[in-house]
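Remarks on the structure that follows.
Should a chain be cited, it is by its letter among A, B, C and D, assigned in written order, with residues numbered from 1 in that chain.
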Amino acid sequence: MLELKNIAILGASGYTGAELVRLIATHPGLCIRALCANSRAGMAYADVFPHLRHLDLPNMITIEEVNFAGIDLCFCALPHATSQDIIPKLPTTLKIVDLSADFRLRDPKVYARWYGRVHSAVEMQGEAVYGLTEYYRTAIAGARLVAGTGCNAMAGLMPLLPLLQAGVIETDDIVIDLATGVSGAGRTAKQGMLHAEVSEGYRAYNVAAHRHLAEFDQEMSAIAGRAVKVTFVPHLLPQNRGILATCYVKGGAEAIHATLRAKYDDEPFVIVLPLGQAPATQHVRGSNFCHLGVVADRHPGRVMVFSALDNLTKGASGQAIQNANLMLGLPEAMGLNLAPLFP
Amino acid sequence: MLELKNIAILGASGYTGAELVRLIATHPGLCIRALCANSRAGMAYADVFPHLRHLDLPNMITIEEVNFAGIDLCFCALPHATSQDIIPKLPTTLKIVDLSADFRLRDPKVYARWYGRVHSAVEMQGEAVYGLTEYYRTAIAGARLVAGTGCNAMAGLMPLLPLLQAGVIETDDIVIDLATGVSGAGRTAKQGMLHAEVSEGYRAYNVAAHRHLAEFDQEMSAIAGRAVKVTFVPHLLPQNRGILATCYVKGGAEAIHATLRAKYDDEPFVIVLPLGQAPATQHVRGSNFCHLGVVADRHPGRVMVFSALDNLTKGASGQAIQNANLMLGLPEAMGLNLAPLFP
Amino acid sequence: MLELKNIAILGASGYTGAELVRLIATHPGLCIRALCANSRAGMAYADVFPHLRHLDLPNMITIEEVNFAGIDLCFCALPHATSQDIIPKLPTTLKIVDLSADFRLRDPKVYARWYGRVHSAVEMQGEAVYGLTEYYRTAIAGARLVAGTGCNAMAGLMPLLPLLQAGVIETDDIVIDLATGVSGAGRTAKQGMLHAEVSEGYRAYNVAAHRHLAEFDQEMSAIAGRAVKVTFVPHLLPQNRGILATCYVKGGAEAIHATLRAKYDDEPFVIVLPLGQAPATQHVRGSNFCHLGVVADRHPGRVMVFSALDNLTKGASGQAIQNANLMLGLPEAMGLNLAPLFP
Amino acid sequence: MLELKNIAILGASGYTGAELVRLIATHPGLCIRALCANSRAGMAYADVFPHLRHLDLPNMITIEEVNFAGIDLCFCALPHATSQDIIPKLPTTLKIVDLSADFRLRDPKVYARWYGRVHSAVEMQGEAVYGLTEYYRTAIAGARLVAGTGCNAMAGLMPLLPLLQAGVIETDDIVIDLATGVSGAGRTAKQGMLHAEVSEGYRAYNVAAHRHLAEFDQEMSAIAGRAVKVTFVPHLLPQNRGILATCYVKGGAEAIHATLRAKYDDEPFVIVLPLGQAPATQHVRGSNFCHLGVVADRHPGRVMVFSALDNLTKGASGQAIQNANLMLGLPEAMGLNLAPLFP
């Protein structure tokens, strides 16, 4: 009989918090002991997220009310900039998976430039391990604090890192054209995320200025051994979940495809489609899978590499649980084998 | 170690077939041995449904190619009118859950009237047990052939049957106003189901003439002990999954609410919301749950009773597995505890 | 050569404001002289609504900045409860079409009960003419202040008023089941109207308690000559525009259909479909048309009457222009003949 | 008093046919005399497209039944490959705007390569004028046969042609990443265009192999004076209308922006947004406008150029009417000033 690991979720009233609860609901090794959101303290979780009404969950409490003594691991799904204030105050023995952007960048100066503020927990920035499981598995298993990869960053890094590592693409001419669903913007009411504004429409946002560029720069440069600076344009899709990255690179399609297969064929959540096929976001919805595809352009030496994932699952909460499994000594894929929901 | 039960799926190329595969993918007691669809025979299932690409599944074959010797139970997700031709040819020892409309109506004359044709397997119509688990649990457990409840019928029967049984509503003035997502119409290409025709729009269809009326009549009259003929108007929603039934009845709200709670409080998949609350289809998406709500009208003695369920899950494939579990001696809820996907 | 009438729009930063501008853009008799929204004063209108960027429009100003001297008619698209504070301060010679709920109810006590506050301009409540053009045409033509009909109220009143007037339906057993798109909730950021909350979902709201009930009571009782209190359940659709009302009434289908045709056959914007057909919201999108349909139930003496309209057009801004045309002595249908946008 | 020009529409049962009727409904210079679709001959147009029910239109007839004697111009909205069979049989004096792909390519060999068949009306291929109004205005005004620009081609050519003409971008490294709504796929029932397949999803299609590449090659090479071969990846959006092209080019953002403004500032339907702003498809929906935007990348010398248009309007039927106006001696923008529908 498996001994359950005890979990707390800080920031449980947002979409990534709810996604954690959804996934843990059928995870055989984790048990939710505390659900926190200061603004909703005292409420039943079913009143915040009625779709989880069938679960037997503790009521919402404030962070101050949590008894961390019995908690094995804490998911921190707080907003950006809040995490860095809260996490240093948590017990130093507590394992933490942070889903915010606060601990993703190792260089405080880079953080300050992209986020426009001095980091309030600089001493922990160096300690945090970047949560890209397929690349930092060992470090994550031994980490106390793991910083979840950004959802868009995940979509770009998964197809491109192996290619940079293997040297099969040019490093100075990479375009990542990306489209994402709205749930990445969170549950806070914003005019631009109203159904009437988003549905039946498509537009670019934060063109060439999205903060996930900092993650691209950090990780791609590290793996390539030289500065890599991609061109990156995210777009907003009229759908809730799903990211598709269309990457325009220069290299050989067969070498690229072979490199991806060599890297990912043994990975539990990354699937490389047959050469010539492109993935679709509706085929990974609600799952922890990432589908990759490679298609040759009609120009010899130019190739499109695609990746599709669910921003709330592989791009946030599924990834977080994958890392938590490692940190807790559980099988990495435990509880994450849910099949995508289609249609 | 649980011994796996071997499953075949006939008609695996449609949405209910794919939903069966999705659910069985994480079901600890079932194993798919055969996937059939004559039109797709020879194909890999991933080429028919790429969202299930991560699963290790047999290739599609024809029904004729299935070796039923080792099959414990067969799901029949064939189109209406096809099932009645195929099922009589299957081994008589094979347990069958049929998801079509072919064996739902016990009276051949009623079938002929609603479906405009003489039933080709009249002898099996009487044998089939109607698959409304919460009402026919014992019979289902002992049945060889279970006929899945229609998705719209399920949405109307769940809230109304207990009220008719308890006699807490008038029987001659019941209105079921229902809205359903498009996946109930299946994967066959139809102009009326194109995205451009359905999205951003709402309309009634088959007004007062939908075939699920026959199921309403059969089941409501049986439980009430007198003829009950509801008024029923289905509408088509611009969404993929989900049915909401808004039932207008005459009775007392508190008695109605208490009756539903008494009937369903111990049921694993039916949740009665607090009096005064109404359910939402997005809160049951992808799950086997049915949410019921009761709200009093401003007119004393008039009440709205709501039910929300996912037409592909509780309305079709989840229900089918719930029944299969019973037929196979497995725990009824096994494999069906997936939490709804929201957003 | 037509002399243009000069128009001001108060509350131009919301959806009904933008819809007024869209319609006036191709209206040959109206010219926009002032666009007001205190929160956006100083902005170009294209920065508030980029889809109207091609128009030559004045910049946004505050209400205080408007020079009403040259204005022939003012559309007031301010939020509920704000209109009643602003309108009494406008010049007494100014013609006004108010799109808010503030002046729809003639009885201050009824207003206070439904809106939970004492009306701040009681003296003007009696003066205002209810903006249901097809019923108050003459009074509207001579009015100084017209109070636009609520969008849901419009959808219920159009099919039912003629039937109550002609006495062809029972008055004490009327159900209006209604579904509406999200744009009726306005452009203010609200969590419940986020794309992620609304899309792929359907639910009832304000069950049996929606404020448009007050309009139903007022207008139906007036035309029937006795108290009429309908049962009314509105639902929220995952689409931007469109209302479908499904009305369950008791009467004869042919008499009902004939009554509607007699009432509306000469109306420019109301179309009665052939008996047995039901309308669809996607077929009136973006237009000022209202489609009505009548279908007999299988129960003799029970009938479904449907109406479909665009909540922002016939339900708000198109209706407002129709009334403004009358008040300004222009042809009633001027500028309102835009065909629906489908798909 | 304007003398109305008489119009026939061949292929009136598809979306571009309906869009022509929608636009002509409020066009002051055109009158529809014949609506043809052999498969629907004899039907009322309202039974094919109920949203146009308010119009007084002729019934559908076969092409053979049309009396072309009184027709000034014929819109041919037939499927690809059908047009080339029909058009040669039409009276040689009839002006024709063809919306299919059949006459877009001037070189029969290029046609044969991209469309996989020998053109059946090679002699007319040379005669046809390519319908990109902003570039072929004079030739279109004098043409007998105009071949409508493909919707995706329009979205790519509008931003790029001026840049190639002015020589402000590199010609050998252009990426067009494009996303389009579903209505471009037409009204024919196809599984891949079902609501359940398209909604809540995003995927690339015809990667690097879309036939509109032939139009890009033809027109870009002609204007650049050398072979230009772009990289082009179209994606399918979960929305009905709208195309957004995100073009990745190499050049200076200010020079690019100035070039676009110089080219388009006097055009009635092309709007260049301020430098740094990107357009959105929801802001051109239902209109003949094309919005262009220019944003500099963080890499000096790399620039994103965006274009947004409605595939059914500027991308098909609006463009066709714009050309027809020229061919008939009417003001080019007549009937095309409808404002976009938002939300």
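Note that contacts are C-beta pairs under 8 Å (C-beta built on N, C-alpha and C of every residue); 3 or more make two chains touch, one makes a residue touch a chain.
Note that the structure is a prediction, hence the values are computed from the model and not measured.
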{"item": "Which of B-C and A-B has more C-beta pairs touching across its chains", "value": "B-C"}
{"item": "Farthest-lying chain, centroid of Cα atoms versus that of subunit B", "value": "D"}
{"item": "Inter-chain centre distance, subunit A versus subunit B - centres from mean C-alpha coordinates, in Å", "value": "35"}
{"item": "Between subunit B and subunit C, centroid-to-centroid distance (C-alpha), Å", "value": "39"}
{"item": "Contacts with two or more other chains, residues of subunit D listed in rising order", "value": "15, 183, 196-197, 199-200, 238-241, 279-280, 282-283, 285, 343"}
{"item": "Subunit D-touching residues of subunit A, taken from the complex the two chains share", "value": "173, 175, 177, 179, 181, 196-197, 199-205, 207-209, 213, 229, 231, 233, 235, 237-242, 244, 246, 248, 278-283, 285, 295-299, 302, 304, 306, 308, 343"}
{"item": "In the complex with subunit C, residue positions of subunit D that touch it", "value": "15, 18, 21-22, 25-26, 49-55, 183, 199-200, 240-241, 271, 273, 279-280, 282-287, 289, 291, 337-343"}
{"item": "Touching residues on subunit B, where the partner in the complex is subunit D", "value": "15, 182-183, 187-191, 193-200, 238-240"}
